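Shared between the two complexes below is chain A, which pairs with chain B and chain C, respectively.
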Partner chain A sequence: MAEQPHTPTAVEARGGGGQRLRGLVRKEFLQILRDPSSIAIAFVMPVVLLLLFGYGVSLDAEHVPIAIVVDHPTAETADFVGAFEHSRYFSPVRLPDMHVAQRALLAGEVDGIVRIRSDFGRRLRTAGGAPVQVLVNGVDANNGRIVSGYVEGVWSQWLQHQAQARGQPLAQPVQVQQRVWFNSQLRSRNFLVPGLIAVIMTLIGALLTALVVAREWERGTMEALMVTPVAVREILLGKVIPYFLLGTGGMALSVAMAVWLFHVPLRGSFWVLFACASLFLLVALGMGMVISTAAKNQFVAGQVAIIVTFLPAFILSGFIFDINSMPRVVALLTHVIPARYFVAQLQTLFLAGDIWSVILPNALALVIMAAVLMGASRRLFRKRLD
Partner chain B sequence: MAASALQPQPPGGAPGADDDIALRFEGVSKTFLAGKRTIQALRGVTLAARHGQVTGLIGPDAAGKTTLMRLAAGLLLPDEGRITALGLDATRDALAVQARLGYMPQRFGLYEDLTVQENLDLYADLQGVPKGARKARYDELMGMTGLGPFTARLAGRLSGGMKQKLGLACTLVRPPRLLLLDEPTVGVDPVSRRELWSIVYRLVQDAGMTVVLSTAYLDEAERCHAVLMLHDGELLGQGPPDEFSAELRGRTFLVNSDAMSKRALQQRLSRNADVTDAIIQGEAVRIVTVEGAAPSADTLLPATQGVTVQPVAPRFEDSFVTLLGARQREADGGQRDFTVAEHGAGGAESGAPVIEVHHLSRRFGDFYAVKGVEFSVNRGEIFGLLGANGAGKSTTFRMLCGLLPATEGKLTVAGVDLRKARAAARGRIGYMSQKFSLYGNLSVRQNLEFFSRAYGLARDRRATRIAWALEQFELQPLADAVSADLSLGYKQRLAMACALMHEPDILFLDEPTSGVDPLARREFWRRINALAEAHVTVLVTTHFMEEAEYCDRVTIMSAGEILALGTPAEIKAGARTAGQPDPTMEDAFIHLIESPAAGHG
Partner chain C sequence: MVKEFLALLKDKKSRFVIIGPPIIQLLVFGYAATFDLSNVPYAVYNEDGGAAARDLLARFQGSANFQQVATISHDGQIRPVIDDKRAMVVLHVGPRFGRHLALGQPAQLQVIVDGRNSNTAMLVLNYVRSIVTQFNRQWSADHGLAQPPVHLVTRAWFNPNLRSQWFIVPGIIGLLTLVVTMLVTALSVAREREQGTFDQLLVTPLRPVEILIGKALPGLIIGAVEATVIIAVTVLWFDVPLRGSLLTLYAGVGLFLLSAIGVGLMISSMAVTQQQGLLGAFLFLVPAIILSGFATPIANMPVAVQYITLVNPMRYFMVILRGVFLEGTPFHVLVPQLWPMAIVALVSLTLAGWLFRHRMY
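After this line comes the complex of A and B, so read on.
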């Protein structure tokens, strides 16, 4: 050969890993732009899920249908019933007698019955006070507790009101002064929406990488990539970098919806939130990468991503179900769910502020998880087909 | 000196390496686990491919070609044995080997949602081609592949032949010393095939590259410097192609007869004990005889007038079939005759049209998959649809079977207008689809049972038909085997048997022989011939040009339109020129594509 020979290492050194990585990242962005499916996952899915769960899931009892049976109507009973009617927690219906009311309870038309007996007015002024019978549908235990609690609240408020009207202080041995911190209106949405963001980002992060790597296997392009001098590290980074940026966009959109659509207060600093979210996104993308080393078609990758990441995050992250009230074994299990740490961070950042004693330990857990997952995908991903 | 980096690197590397050999396998075995079964993909293969040559790896589907290619590229680990590529251990130094070789996988490895230019840029980045050297290299590659005008087009929108060339350009963006091409020509039209071969030759001659190329087309063997013949994971032989055929010198003849149709002649000849292979070639029958036989018109066909026997040069395919056939006869004791009951139903006389197609079109979005197609098929005829992948053959078929409504046009099958009474027509037709469409987890018998029930056969008739199928398709020993475990050839047999359970008058076969070995192909055509003799009408699609010779009439399709229609002889006659006095079907195809006016005029 007339030309001066060059060893491949010389070529590699000139081009270098930077060039290969840039090439892979550019390719990935072009694919994102041309194939709407990853954009749909990153932007459409969080919007749909947030709207669905943000509006659909609420742990607040409002406008609870309740039956009121008054055995012997008087001015006082009318006043008491009025207190229910003005409460935003109840939608009372007056029913003539207990039989009708019980039937309504059985049919599920009302969640509870408040019965005011005929001696209500007389016993109101005795030492023992007037009894009000409350029957609550306890099938939904949580709702039952809330309803009975609210009824008590209405009752005690009405008593205070009565006492003030008569100008005599109500004899109460202990005065309970309630102060609710962080979420003073007790809107469940305020802590559900931040938790929801964590759950949604788990799914999006894992799905994005798992699907796009599986797509390369399916279309045979991975085989062609593997015989180029590209390193495994470059293939992995070539996926993580673009989808990290895309995922950040999805995250920003979710936070914007939480603040401006659901009016969840954001008390912590934006940059701390950004840092925590980025860290968590790396963990979620890492889960997708690990899945993709095993699942080589898009259908399986999608199924596995949902079952392995989304469902556990939904149930075990503490987003709906309080981890402290879980059985010990299950509570221990939640430690391997990355969303658990991010839910804690998000709820704190949104409702309380930059509380470092919460942010930092959880961030540490996420750093470890990101490192483990990225390391695992690096080890499991081989430049080979068998 | 940027350009010098683009020259193939000279042999370097391991000391003591045999400098003449670019790729060497020594006792290489590889097994795969598929569910609970182990598949022995390669059994102790030892081979060598020389520098500066085109080495063809030839064998039917599932012979182990792709496994061999992937092993050479360091993508798979061998269970046993040693693989040396360019003097380096392909298993231990996979990265170093990959930096020196180019490998084009079967599906070309293109990103379909990237443009031609973007694909090139990506592979240039990955292969570390310096920016300054790119322009010259791209120009060279685009000139070589003729893709220059299409750089802005998405790779997914290219035709099969153009994709193949782009895939090649991407692997060549940094010239490798060893180029591995896995089935680059399968399913690609003959023109693109021819162009690919001329590119390959140029790479070897001008750039001193070594090429190893796998193919299922036996006629491509003759274009290689050396051939590796692979079957069922074993290497049957290696060497220059003419060395293979040299063994058969004096044993190959063309037989002609005025008195008999070529199909009847072939049938008679194949029953002769001295004849190991008989296929239709043009207007004659090509035979291979046993060693030492000196055939004449009298010994071959006694008491027949006007028979001429003319010696011809042996081809690579002859030796492949002889080698394989000898093995198979050891295994199962040769072939039997295939019998089909006479089809008198339908009332149509032989020769009357049973399928009529007028101005048939099918549009997907703004793309015409089939456009203005017009033909008719007579009873008992074998009618072939020829064309490359994407020519519109399968779409035409699906419309004829009533599986896909036509956008425009009129379709009559067995006297029934398909627009009005699809179900009625379906009862009269049998359809064998391109992909294996049987239930893989059912046994052979259960599949036959299912399909005969699905066609509404009564119990007695079901029993007789299943017995017929098991016997005639030689499936009896495998009746209780799970279908998914059958070899490709047996799967094709079972699929054809299932399509025949209700004794249809018309049989549609969509690429029935793609991927099977030449013996299985011959057997398949024997059955098709027997069906036609029993007045069953057979429509068959194929991308094997030589199979057109087995049909009574063929139509050549390209880009959804019919380029030519007629008997194989008529079509070849249309391509006869001074330079090409005796064109093959492939020559005729290329002639038609290159002069579009001839196709329509």
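After this line comes the complex of A and C, so read on.
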């Protein structure tokens, strides 16, 4: 660990408000440059995380392995099975009987079983129609539902073909004609990557400041700084400005990766994105400041930072899990998670465009949070002196 | 060893951080982390006004999954209501809906969905389709129309109602256990290094193995206690069925804890400052969670990433947790999940012990 020659007296000697601040900012920059771990947090972490998440996290199931069991193969069953073989969502395997198929389902080799009974051909012509049994593994409920949705899709397409081939009216009185706006391909990467930027930025902003400021408290250099004529406001600004710039750099890198590497469309304007991101960074830095000032040492500050930043930003921000569907109490709780507002802004800015009715209310919430957090850290700063 | 416990418990804030939040987080996340949709806000744009259209829309009103928030009367209103996120879905019934239906021609229900969160959009579409399918069946029966020649009878094993809470909550056990163990171990050596007390420890006649045990035990005990509490909450509070044997579950918990502690201590003894230790912990924690299959299936990942997950102990623990809880998987089936964790534990603990002595600065 390179020990920084920390000389508040040098800052003091320069005198003058603006110059003092400039001195503090300069000192902070030098410190950042000497300890590579801050730079690692700001630049290496977003790259590593975005690569991992961007490629690793996907909710789009394609080529789902599915078992098909046909008790008594005929031309009619072959036609139905063919519908699965031609679908890009499935890679079906033919298994001889239900025992083998059930074992495969239990072992996780297939995600579902489609079973066509021996009376398929006969019941096809009865009024009730022929039942086809579909079994999915419900352990991963989301995946189970997606798979059964895909099966339904294949089934209804097959019905349509059948009806057309026979020239009969379609057996479905009402048809659903779906239009998915903003993301017609339903590419999950398009909403995951912008959400990830919010999660990563929460981490970076809070971690950067939480540790650095706590370290100064632990070493007593903060107290040393306090006895100089530097005002509390200046100390705070001196901490915030350098890390804000560092965070902005990390943010720019993430956005660039999202657009050029992951091909997420950026439909809103770059400057609105920039403004929202700056605001959010201020909130994240404020969180870090409050944590580090309230905690006595790096150890606790680090622990708190891990607990209050990552998991809440991951689970409660609406990044993956829909906030509307949470119980009311939990949904109310999400209002104190800053990432919630930023995720809404990012997903809108990337996929939908500059929709002010979404951006402005969320920006207002972020402004309030930034003000509260900065005010709180200032107050806590003063209190620690007494 | 006693000293390690004291060091951890002495600090009141540190103590609180380790005990309080996991329980709160389990409760909050247990409710928050769900892929089941309820109260999906939707808007209705009904140009038909006939009885059939009313009938269909009433089915949406009656569903607990949907909540009507607006009624629209012309095309121009569709965009703003979706843009503002007031409604997630607009159900558009065209003016000829009733006539087509009566003539036996296909009647269209246009469904416009906000795709900003594509996973939610896909789920919403599935819900809409199943309501329409029910309506169709009823309508065909009432009007003596032929039923579709083939219909699907779908059943889900182990989780008949496809409640995603049953899937997510056992996963959260793994998540929180991992976070707590990392918190306890990852900073412990680095802190002593920074304060210089670790050097003192090294010059005592204690062997590295003994130091290692002293460092690992608190994590193991705290992790085990924490896991027990969380498992109890999962079963008693969230009513997730525990179908397998507790013994199998704890074999998994024990090995998982050892491997997590190993990685934590390894990071900790590699780091020179606490900041580096924390950074290292994070760089392990976040990918370990994302690439574990906790929220998104490993099978959906690219093949190269799937290979990376093979060294992730959390990946195996997830399979064990869900297997034991929901499927009641017996011990011998889970052995392929257990030994990789044992290897990770062995390698990381050995490396950590070796690093104690060899990482000098």
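The definition used in the following text is that the second predicted complex is superposed on the first by the 340 of 386 C-alpha atoms of A that agree within 3 Å, B and C clash if a C-alpha of one lies under 4 Å from a C-alpha of the other, contacts with A are read in each partner's own complex, and residues count from 1 in each chain.
The working rule: a contact is a pair of C-beta atoms (placed from the backbone, for glycine too) under 8 Å apart; a residue touches a chain by one contact, two chains touch by 3 or more.
Small disclaimer: the values here were computed from a predicted structure and weren't measured.
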First, second, both or neither for A:T221, with chain B first and chain C second: first
Touching partner for A:N324 - first (chain B), second (chain C), both, neither: second
Touching partner for A:V139 - first (chain B), second (chain C), both, neither: second
Partner chain(s) touched by A:G23 [first = chain B, second = chain C, both, neither]: first
Partner chain(s) touched by A:V300 [first = chain B, second = chain C, both, neither]: second
Contacts of A:L316 with chain B and chain C, given as first, second, both or neither: second
Touching partner for A:V47 - first (chain B), second (chain C), both, neither: neither
Greater residue coverage of chain A in the superposed arrangement, chain B or chain C: C
Chain C-contacting residues of chain A that also contact chain B: 1, 35
Partner chain A, residues of chain B touching it in the complex: 1, 3-5, 7-10, 12, 32, 70, 73-77, 94-96, 98-114, 118, 121-130, 154, 170-171, 174, 208
Touching residues on chain A, where the partner in the complex is chain C: 1, 35, 37-38, 40-41, 45, 48-49, 52-53, 55-62, 80, 105-106, 111, 124-125, 127-146, 148-149, 151-152, 155, 158-159, 162, 169-184, 186-188, 190-191, 203, 207, 211-212, 215, 295-296, 298-300, 302-307, 310-311, 314-316, 318, 320-322, 324-327, 329-330, 333-334, 344, 347-348, 351-352, 355, 357-358
Chain B-touching residues of chain A, taken from the complex the two chains share: 1, 3-12, 14-16, 19-20, 22-24, 26-27, 30-31, 34-35, 219-221, 223-230, 383-386
Of all residues in chain C, those that touch chain A in their complex: 11, 13-14, 17-18, 21, 25, 28-29, 31-41, 56, 80, 82-85, 88, 101, 104-123, 125-126, 128-129, 132-133, 135-136, 139-140, 145-160, 162-164, 166-167, 175, 179, 182-183, 187, 191, 194, 272-279, 281-283, 285-287, 289-291, 295-297, 299-302, 304-305, 322-323, 326-327
